[in-house]
């Protein structure tokens, strides 16, 4: 394939860039992702995952069944923050940094 | 919100599962991102065959109508224009109606999210006018819009050949079908011959060298046996095959195996179409890419198995129905798909990928 | 071009609507997606890519690839393949990253 | 394949790489970094990557973080652009009653050279116009900032490799023995021998220590982070809870949960985080979230770094800490000094494993 061919449409990562990661020992989609941003755009690897798997397969001779799926995450498709922020008023797990400052006798511990 | 059965995806498999469960007295909720039920069937004008014996042969959009009418007779909740966002810690599924995100607690979940089209990359494949073959079909048969005047199709799956005919019918000139494999590998000999008979050039052992255009695709270079053939086209349809959509399974913590014949990575499941996550079932293309009739059968099997779990049908009776459906499934799909499916089920307890969130 | 008379499905175009792309009026029908409505009017270029500034348009039509992002009724990055066209809708191409607009507050 | 090394670093995260790079500046051969997967697949690749100082407590720990933050500009010059930005850090508070606490913090830290300002509501909104106007105030320090963790590790690795460091990835260590004054490191791919062994296993430090019969009390603490689509630059500072990255994405989150090694995300925490973010910066409400991810923090039992020689084991070193991104250049420098000079330029006795008895 032409080396300049775009593999990740969102982040515009080329074949060549994917190839470089594999040459540096990367062998999963997520390795490629963290080093190039391939698959980090709005579609979250929904289009490029198969293309990258094929490139890894071609370069490492690993069978496709040994090239694991990319880690998939929520939200399953992009969603506005204000919509996500509905139906939740609890702050049980999310803390503010200042909460961690402990004061003892008028002084920081 | 609570329901007995939450079905994710209102396509043929999801609807088939809904019919089986709703007719046996369960409270069923279907969620679908689009504004109508039927999934991809809605824009399929081709004749669907074979279909399960309970249905007469008919076209895709007609089947969508028949299935939708069947659930209308029962109390099935339909959450259209809703999408799954993720999962809560207690196992409830988080849905959004674009105003809020809310949990749905279900006794059983059927994931019937269907298939995604795979890409084929070549220089400048990002140009406007270069679309998936599925997108071309949606434009023509759902939106009633001509995608262009001159089309080139990259790939020659059963589905791509159907869409090629549909493009021809509405007056799009199909300038060629480019297939990387040799002619001998063609699976749909009849459909291929029919298109060749209508004067559509097939380029086997060929691939797209490059697309060009100013702001949108205007011409493409096809490499045929080492020679470059330049063809003018204002629409290029990519058929890279399909693979199951796995996002929901992944969040649910299901394990996966790899079966090339079923479209690559697929969730582990057993003869009940039950995954290795408690209360999570699956159906349709999400359980392996197959033909429409087979997809309905998988939905019916999942539905029957849920009824058995929730005791709205006797176990012996469920087993009998399931056996019969499996027999029919064998006859409804390509031999290699069937064999892949059988192999996959045998490997149920030895997944390739599991515990994907445990580092 | 709209398909007035589909060879198999017949005359299916429903209620006509007028929508605006770059402030110019275009004709569409209510069952169409914004992306399809634009393509019916010969508009294929929906925006520009972020890094290489190349033209982008509809690709997957399933709400997955985000190639069809546009600004619709003031909202940036709307998947136009998943959004039905409406009377009076205003559509602009996706040319740059969304700008965060401050809510008006009392002071 | 070479199997004999002067020094082996187990763990290719931000801590292990920091050590490998700083070692490689001073001696050119004989360093191997082993990673069970690929660098960045653990904690170092799932972080907001603040380089954060100003409200860490107690003061001696804040001071330690400050020294490391001061090293970042030099690090960027040595290994290349890691997108380090000293944006200044802003910790907003929404209750006027917190102002007293903020003032006490500022007063205490002035003595150790960390300048903290306690800002009025007006000042906060002047600095960060998109902050919720309901804010009561904020603590602010110019020392804080952030870095691109992927670039950081990539550049560390490139620079280290250039200096002769070897990397072996997808190579999990399964066994460690001490034999004739050397360490035998058995891994999936080979058995290695080395003189100096550095345990930089992050969240897996406890497991690594057990191979030698040592207790390294590091636990796991999960954090969930949301990522927005890229937006035009509009946030000026690293705000405790969220920051805008170079490419325009906003990272938000400050959650803590005990979930072992489970890196799942949950809508419960995602929604809480979304709530926090829109409360801090209401205008973010219209921005689209494209991803949520979890990172498992390495959290020593008392919260402070475990650094230095392992008591009773010659040439065995440990570096296990929370805040690895902030501390990486300093830990790299200090462990290098410890190995090559036998002493460190800043005392680290306080951080010895021996404190756990």
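When the chains are written out, they are named A, B, C and D in that same order, and each has its own residue count from 1.
Here is the rule we go by: a contact is a pair of C-beta atoms (placed from the backbone, for glycine too) under 8 Å apart; a residue touches a chain by one contact, two chains touch by 3 or more.
It should be emphasised that the depicted structure is a prediction, and the values quoted were computed from it without experimental measurement.
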Pair of chains joined by more contacts [C-beta pairs], C-D or B-C: B-C
Central subunit by CA centre of mass proxy: A
Subunit B and subunit C: spacing of chain centres that average the CA atoms, whole Å: 25
Computed distance of Cα centres, subunit D from subunit B, in Å: 44
Whole-Å separation of chain centres (CA-atom averages), subunit A against subunit C: 28
Residues of subunit D engaged with two or more neighbouring chains: 41, 229, 265, 267-268, 270-271, 284, 286-288, 292
Two or more partner chains touched - positions in subunit B: 85-87, 94, 101, 103, 116, 126
Set of subunit C residues in contact with two or more other chains: 49-50, 54, 59-60, 63-64, 67, 77
Chain-level touch network, classified as line, ring, star, complete or other: complete
Contacting residues of subunit B [partner subunit D, same complex]: 85-89, 94, 101, 103, 253, 357-359
Residues of subunit A that touch subunit B when the two form their complex: 1-2, 4-7, 9, 15, 46-48, 50-51, 64-65, 68-69, 71-72, 74-77, 79, 83-84, 86-87
Subunit D-touching residues of subunit C, taken from the complex the two chains share: 50, 75-77, 96-103, 105-107
Contacting residues of subunit A [partner subunit C, same complex]: 9-12, 41-43, 46-47, 77-78
Residues of subunit B defined as touching subunit A within the complex: 83-87, 94, 96, 98-103, 116, 118-119, 121-123, 125-126, 210, 240, 243, 246-248, 250-251, 256, 258, 260, 264-265, 352-353, 356
